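Given below, in the form of structure tokens, are the structures.
In what follows, chain A forms one complex with chain B and a second complex with chain C.
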Partner chain A sequence: MSASAAVTANPQTMTSPLLSVKRLRIERRTAEGLQTLVSGVELTVQPGETIGIVGESGSGKSITTRAITGLLPPGLTATGEIRYAGRSLLGLRERDWRTVRGTELGLILQDPFTMLNPIMRCERILGESLRNGGTSWFARREEAIRRLAEVGIHDASVIDRYPFQLSGGMRQRVAIAAALARDPSLLIADEPSTALDVTTQREILALLRRIQVARGMSLILITHDLRVAFAMCDRIYVMYAGSLVEVAPADKLDAEPLHPYSNALLLSEPPVDRRVAELVAIPGSVPSPGEVANKCVFVPRCQWAQSACHQGSPLLREVMPGRLSACIRVDEIRGQMTALRRQSAEAVFRPADTTPRNQILQAHGIQKVFGGQRHPVVALDNVFLEVREGESVGLVGESGSGKTTLSRVLVGLEHATAGNVTVGGVNVADWRKLNRKDLATIRRTVQVVFQDPYSTLNPMRSIGWTLAEAITTHKPDTRQVDREVEGLLEAVGLPTSYAQRRPAALSGGMRQRVAIARALAARPRVLICDEPVSALDVSVQAQILNLLNRLRAEREIAYLFITHDLSIVRQVTERIYVMHRGRVVESGTTDDVLNHPQDPYTVRLLASAPTAERDWLDGTR
Partner chain B sequence: MGAGDGSAVVWARPRWAIGGASIRAYVARRLVVLAVLLVAVSFAVFCLLYLAPGNPIDMLLGQRPRTPATVSALTRQYNLDKPFFEQYWLWAWRALHLDFGTSIQTSLPVATEIKARLPTSLFLGCYAFGLATMTGIGLGVQAAVRRGTLVDRFVVSAVVIGLSTPVFVSGVGLLYVFAIQLHWLPAFGKGNGFFDELWHLTLPAIALAVPSTAYILKHARAAMLGVLEQDYIVFARARGLSPWRILFSYALRNALIPVVTMCGLVLSSLIVGAVLTEMTFSVQGIGHLLVQSALAKDIAVIQCVSLLVAVSVMATNLLADVLYLLVDPRIRLGRR
Partner chain C sequence: MHSGRTGPVIAACLAVVLGVIVLATFGPLLAPLDPAVQNLASVNAPPSGAHWLGTDALGRDILSRIIVGARTAFVGAFVIAATSFLFGNLLGLLAGYRGGWIDAILMRWVDMMWSIPTLLVLIVFAGIIGAQYWPSVAVLVVLTVPFDLRVVRGATLEQVPRPYVEAAKTLGVPGWRIMLLHIWPNVSASAIANAFLVFADALVVLSGLSFLGLGVPPGTPDWGLMLAENVPLLFVHPVASLAPGALIVLTATSMNLIGDWLQEQLATRGER
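Entry: the complex of A and B
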């Protein structure tokens, strides 16, 4: 009990909590022995309270929720104490779990596309989830329709559809209705909006909050986005590498984080309302819990780390009333953390000179139609776009808006149905008709960095080999290839020794650096970045964004930055194009468009970008 | 439209009406293809008469004496004096009316011979198919649910043995152990009446079913393992649904979708395996007849049996595909 003494002293836990988790430890049995995935997790949830668990990918959020619901994947075991309304859940038999799951604890998973049984109509999915099995078929159907209405689906015909006939947002709504069918008192939502489009994301979050308030239900919201947690939750648990590092009321955490990791996480989130001089990135990448056993989990990346931080893993302790932190030096460094935040808030971004330059990439009246004559799908409709030398241009829109198709047309992976593309002075209306010299010019002008760096790197080849290949493809007579490879690695901030490594031995952020280095090998004048950071952890995102900004200043490269994230375009571009359903609905300087959006779609998109404000979710259905 | 007036739409759409038209169109297309294939196969079967060594008359005569009378009778019967394609056409026309000529071994009409043996073979086939699917799916599911346990490992090793043992080897083995040593089951014959027949055909059916069982088991286990890892299973458990419901309406129904397509293949392999089994256990079925006729160069019977086999293989595959369509709504309704 000694480990949790600090927690039980917390006045919030003095009233009897609905759920309390103590000393939760999750381990995996492997051939080499036990591997710890999560340790020392302490949680309490009061009736009607919303708590948030925030952490980057792999920090153990999902398996913590699985442990609470007794649904750990095979091979993982949980120890510690989990109590629900006084009843111990750990070690419950499968039969007894049925009296808890669904009726007391509800769970929604991360991915609405895989969560619903693909061969069942919504009616059955909802019907079988309802508590009273005995009522008539007709009554059940009526009830299912009523439940759908509760989650904002007012079209009763949805009940006869299969999940694959519904959009992601609709599926998530159906899943929420199913999870709530037996009226649980606590709902656990594991990143309920991550897999969805930005505008849908906000609707789902608003829905969850509305239901939570209307039912007086408790909610555990898992998210990797601190701003979402601030807008939704009463209290926030920050997780890192399988451990809790900070627990605080949402508003307090927003005002002053009391752990270097939360502080850094807050600083590395790009703000949507202004451009910062430089994002504060956390160096390195997220370690596995095993790498940081018996010391502070944040040690490898913490600027305040001292020898004391290596001695044993610090326990969560109450540093202020209602606030827990696992940093042993928090009292000493509080002032410095505050200074860091102020510094970042005050640093003003100095815009680069905006003298008009030559145009290097232009798309004119692009039309792209997929499918046959019977079912034509217009992916791009009369799109105009230009990029000038040294300029950074954003292309913003949701999935399906045509962003990626446009980028593929620009680099010749797709042929436009109509319209003109000019790259570096070469007219490329029809790629098939270009001669080799023109093609070489184009390759030297434009390069692409894709969303998923892993799938574009050859897993069998070392990083050095991949880069050398890129160098010699573009300049076959390069003599000192090794020197060039080292130069590229240095340019993207990787140690030169990494040339020997295979992609599998690198983290996601490092792979994206390699992908950027490979694109730079051709010394392009324009880099098309297609969602280059959306597969990365927040703390690593900032590193890559800073790298791209730095490379631009050093090498005078222009960017066409494709993303759905408005706070990212704000940080890296001067001009943007907003796309919606294959059309450019608005364009202009980034500041103008984001400060004074004209098109209703831009307004909606802007409202969907999470902000820490509590009223962010107001005004949605 | 709110929840209150939702009842107005409750009956709006009959449950199965959505995909009906597309299924009918699909089946119609497949039937056309089947008909074309049938013509090609029947042509090949007809050509057997000409591919065999010697001249057709000698083939058709068999052991009978060659006299001008018999020769002219056969020439007339098989239209051998007509042009080649007309011969085929006339042959096919009669075949369509189940007239395949007479067997040279018994001088009885081929159709009569077949009719006498078909029920036994069908019985054996259905018996083996039932055994194979039930044990294969049952054990496969068990193994998947108990992944990594002793049960699973035992079943997996049994699959390897089952898949690599030819029908006649397992047949002889079963015969030796259960019929000759233990006297539990009869060694040959087909028995009279349903239960006696069941009794007599048990050993042959088991021998015939062994490789198919192993094959179905392997795939059912793999499909089930894949399904059990899916998020929708976790979500179903998280809602407190009963384990039986999760096993049957969630896991099994999804896992069976790929298994159903395989059943067509399995049936086809059973038809081939039946020849060997019927010989091993002296069961007077179609397979037995085929071997006898092949030895006696009884071309009319061979033609008929070949055609029968081809038709049943094609039909079972069509059936399996249609079934697949029916059980998987994503295919039936066309993914958006």
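Entry: the complex of A and C
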């Protein structure tokens, strides 16, 4: 009860809150008994307030909002107290929910591609929500057009289009319009911009904030990105492994986090404006709530953990006015956490020597056209790119820019319509006409690390099998394959016992390490990394980026690093190419391009990269 | 890890199939009487101590004929299921992985085989070379391979764009290794389950052929043939035709259920 008492002491709770959640606990019924997913969550939302729930995957942030909206999947039960405007929502019947959802609580989900019914035109999607007896078809249509204008769609013809005819950003706008159709007083947005490109993300977030202010509506924003939360929210709830670890006003949290997890999360976010010597990674990966029951949830990864931290799960308590933390040692370690942040900010990156070396990978005049003669889609248009020995080159662009297609052309997974590729001295005009020796040279020169860690490994094969195959493919006469497998696992920081395991037993970050190890088996001179960290949690991202930087120094490998994230490109590359709609619009050293962008697209891309400042969202439509 | 509800049913199905396998292997040794010996003194006899399931119109012991008849029922279906499993999987992997003209040709063959009614082909075939068991089995193999091929091709197409396959390609792993060692384990659940369905289907078709007199030669102890021979006795001596009929249904159903169960078991292998 001490935690809830602390919440009441919060000065912002003087008026009666719109939404209050107390002692929320969500459990799953399994064959082995009850499994706790979320416990002890306490939160309040005032009228007109924006709160953020920040956490990595498995933190329980999404499931918490599902409990608030009564949309828990079957088999999950919520206990505790959820009150909305004085009314208890927990245990509401499905019928009663209909008077709450939409009219009181609006909901926007992450994926705009599956959230809208694909066979309904926008008019019907909005009309479904606008329908409230008596209004004519014509009046509803007019109203729908007006609602679309509110979310920034001024083209009235959109109303007659199907979702598949709209871009991701447009769909998210339509989804927002639908969620707002019944004028809810609280909008819950679950990762509303995660599936979108950075430029679109900024527009959608700015739109949400504008509407929230204009309507005086309350907003709960669920996100994994602290910078987005800082820019959008008044107060932030940080969740980890099913528990709240810190609650604080956004600007205070940004200035000084009061929990080791929030501190580490802030540190592991790569900054976009400068290159750091080494990212501060949190060791290990996010545990399941069951693994950290009856102790502080962050104990396994906390550098300040003591025996006291293992005894009982600590409750949130008020550390300073308006600031709650679940860390029992926070008063002792505040100074050390601050020192760690300062140290990381002051550490300067020392650039490697940049003497020009031999070129090992080159794409020249690459053109790639998909589709038939009638509807050609130009994916790549006269693209030039080169990678020299030992250097790290970034390839930046949004989805659809052609960056992944280019990487596939470079390794022969796609065949270019025109132009040629030179790999390790072998000129490839046609992959099908290569002889065995040249092909082997190419495979030894370039290897790829793919984006999705969950399907990059054969699910039916053990890690050891996968690595052994990679080794014997390149050196069929390898004697001690097991020893080599162990060496590879050690190189990527995994225990050698993992050779026996199947991919399913590994976390996303570990799988990506195995994928890197597999690529290293060929001893390549260039590693193409296609969004290698975009599917990983922030705290794990930093581990993988540090690993890649270390491997590069140890093995003198060159990287072609494909990403949409400018802050990542800043941390790992010296030179970049910016791609937009199949063309390279700008190239140069990373510092030059990111500090003094020339092309208008690069300028826009840079402005869209999330920063913690509130004015990040200003100046958009 | 599987729910206990399906346990006893699957156990019973396995028992039935194992029983049929034992009968098919050791039938002649297990039969109490010679299935071919006629005893015109006691025809159409009801079940008794000497003849547990009675005798047929020629006085032959029905139980012994059922036991010995398991062989033709099982072996033909097994050969069909196993052979088309082998060819269907190899060709399906090839069609799905390589695509292009190989795929086009194989799929036209599949379309063709699917558009022809099986029984019609067999009857025409029997009309040309005469009713024989093994040639019919061979024709059935040709007609059945497309079933396996289609299933494996579809599952393969789903795997080919996955990064683990592309990673193997960029590593330079040879195509045959990618197909057999990478893709096949991931499509095997559907393929194996399908083989059981094919087996059940082949068992019914072969019995049907015998029933029509197009399968095994007259006089052979065979479930389908017994069903046909003893139909006239349906009202005087129902066990004579119902017992072999029931065994056909029981074996086919058991195989189907085992196939479904195996698919569920195998499909979750990669998730553990």
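In this section, the second predicted complex is superposed on the first by the 617 of 621 C-alpha atoms of A that agree within 3 Å, B and C clash if a C-alpha of one lies under 4 Å from a C-alpha of the other, contacts with A are read in each partner's own complex, and residues count from 1 in each chain.
Everything below uses one rule, namely that a contact is a pair of C-beta atoms (placed from the backbone, for glycine too) under 8 Å apart; a residue touches a chain by one contact, two chains touch by 3 or more.
Just so it is clear, the structure is predicted and the values come from calculations on it, not from any experiment.
Novice: With chain A superposed, do chain B and chain C clash or fit?
Specialist: fit
Novice: Which partner chains sit in contact with A:M460 here, chain B, chain C, both or neither? Use first/second/both/neither.
Specialist: Second partner only, chain C.
Novice: In the superposed arrangement, which partner chain does A:R501 touch: chain B (first), chain C (second), both, or neither?
Specialist: In the superposed model, A:R501 contacts neither chain B nor chain C.
Novice: Pick one for A:R550: touches chain B only (first), chain C only (second), both, or neither.
Specialist: neither
Novice: Have a look at where A:H364 lands relative to chain B and chain C in the superposition and call it first, second, both or neither.
Specialist: Neither: A:H364 stays clear of chain B and chain C.
Novice: On the A-aligned overlay, A:A181 touches which partner chain: chain B = first, chain C = second, or both, or neither?
Specialist: first
Novice: Identify the partner contact of A:H474: answer first if only chain B is touched, second if only chain C is, both if each is, neither if none is.
Specialist: A:H474: touches chain C, not chain B.
Novice: Spot which of chain B and chain C makes contact with more residues of chain A, would you?
Specialist: Partner touching more chain A residues in the overlay: B.
Novice: Could you look at A:L439 and tell me whether it touches chain B, chain C, both or neither (first, second, both, neither)?
Specialist: It touches chain C, and chain B stays clear.
Novice: For A:F450, decide between first (touching chain B), second (touching chain C), both and neither.
Specialist: second
Novice: Please state the minimum Cα-Cα separation between chain B and chain C in the superposed model, rounded to the nearest whole Å.
Specialist: Taking the overlay as described at the top, chain B lies 9 Å from chain C at its nearest C-alpha.
Novice: So in the complex, which bits of chain A are touching chain C?
Specialist: 411-413, 439-440, 443, 446-448, 450-452, 455-461, 469-470, 473-474, 502-505, 515, 518-519, 521-522
Novice: Quick check: in the complex, which residue numbers of chain A touch chain B?
Specialist: Listed in rising order, the residues are 66, 69, 71, 74, 94, 97-103, 105-109, 111, 114-120, 128-129, 138, 141-142, 145-146, 148-150, 154-157, 160, 162, 164-165, 175, 178-179, 181-182.
Novice: Could you pull out which chain C residues touch chain A in their complex?
Specialist: 162-164, 166-173, 177, 181-182, 185-186, 269-272
Novice: Could you list, by residue number, the parts of chain B that touch chain A in their complex?
Specialist: Residues of chain B touching chain A: 1-3, 6-7, 9-10, 12-13, 15, 147, 230-232, 234-243, 245, 249-250, 253-254, 257, 327-330, 333, 335-336.
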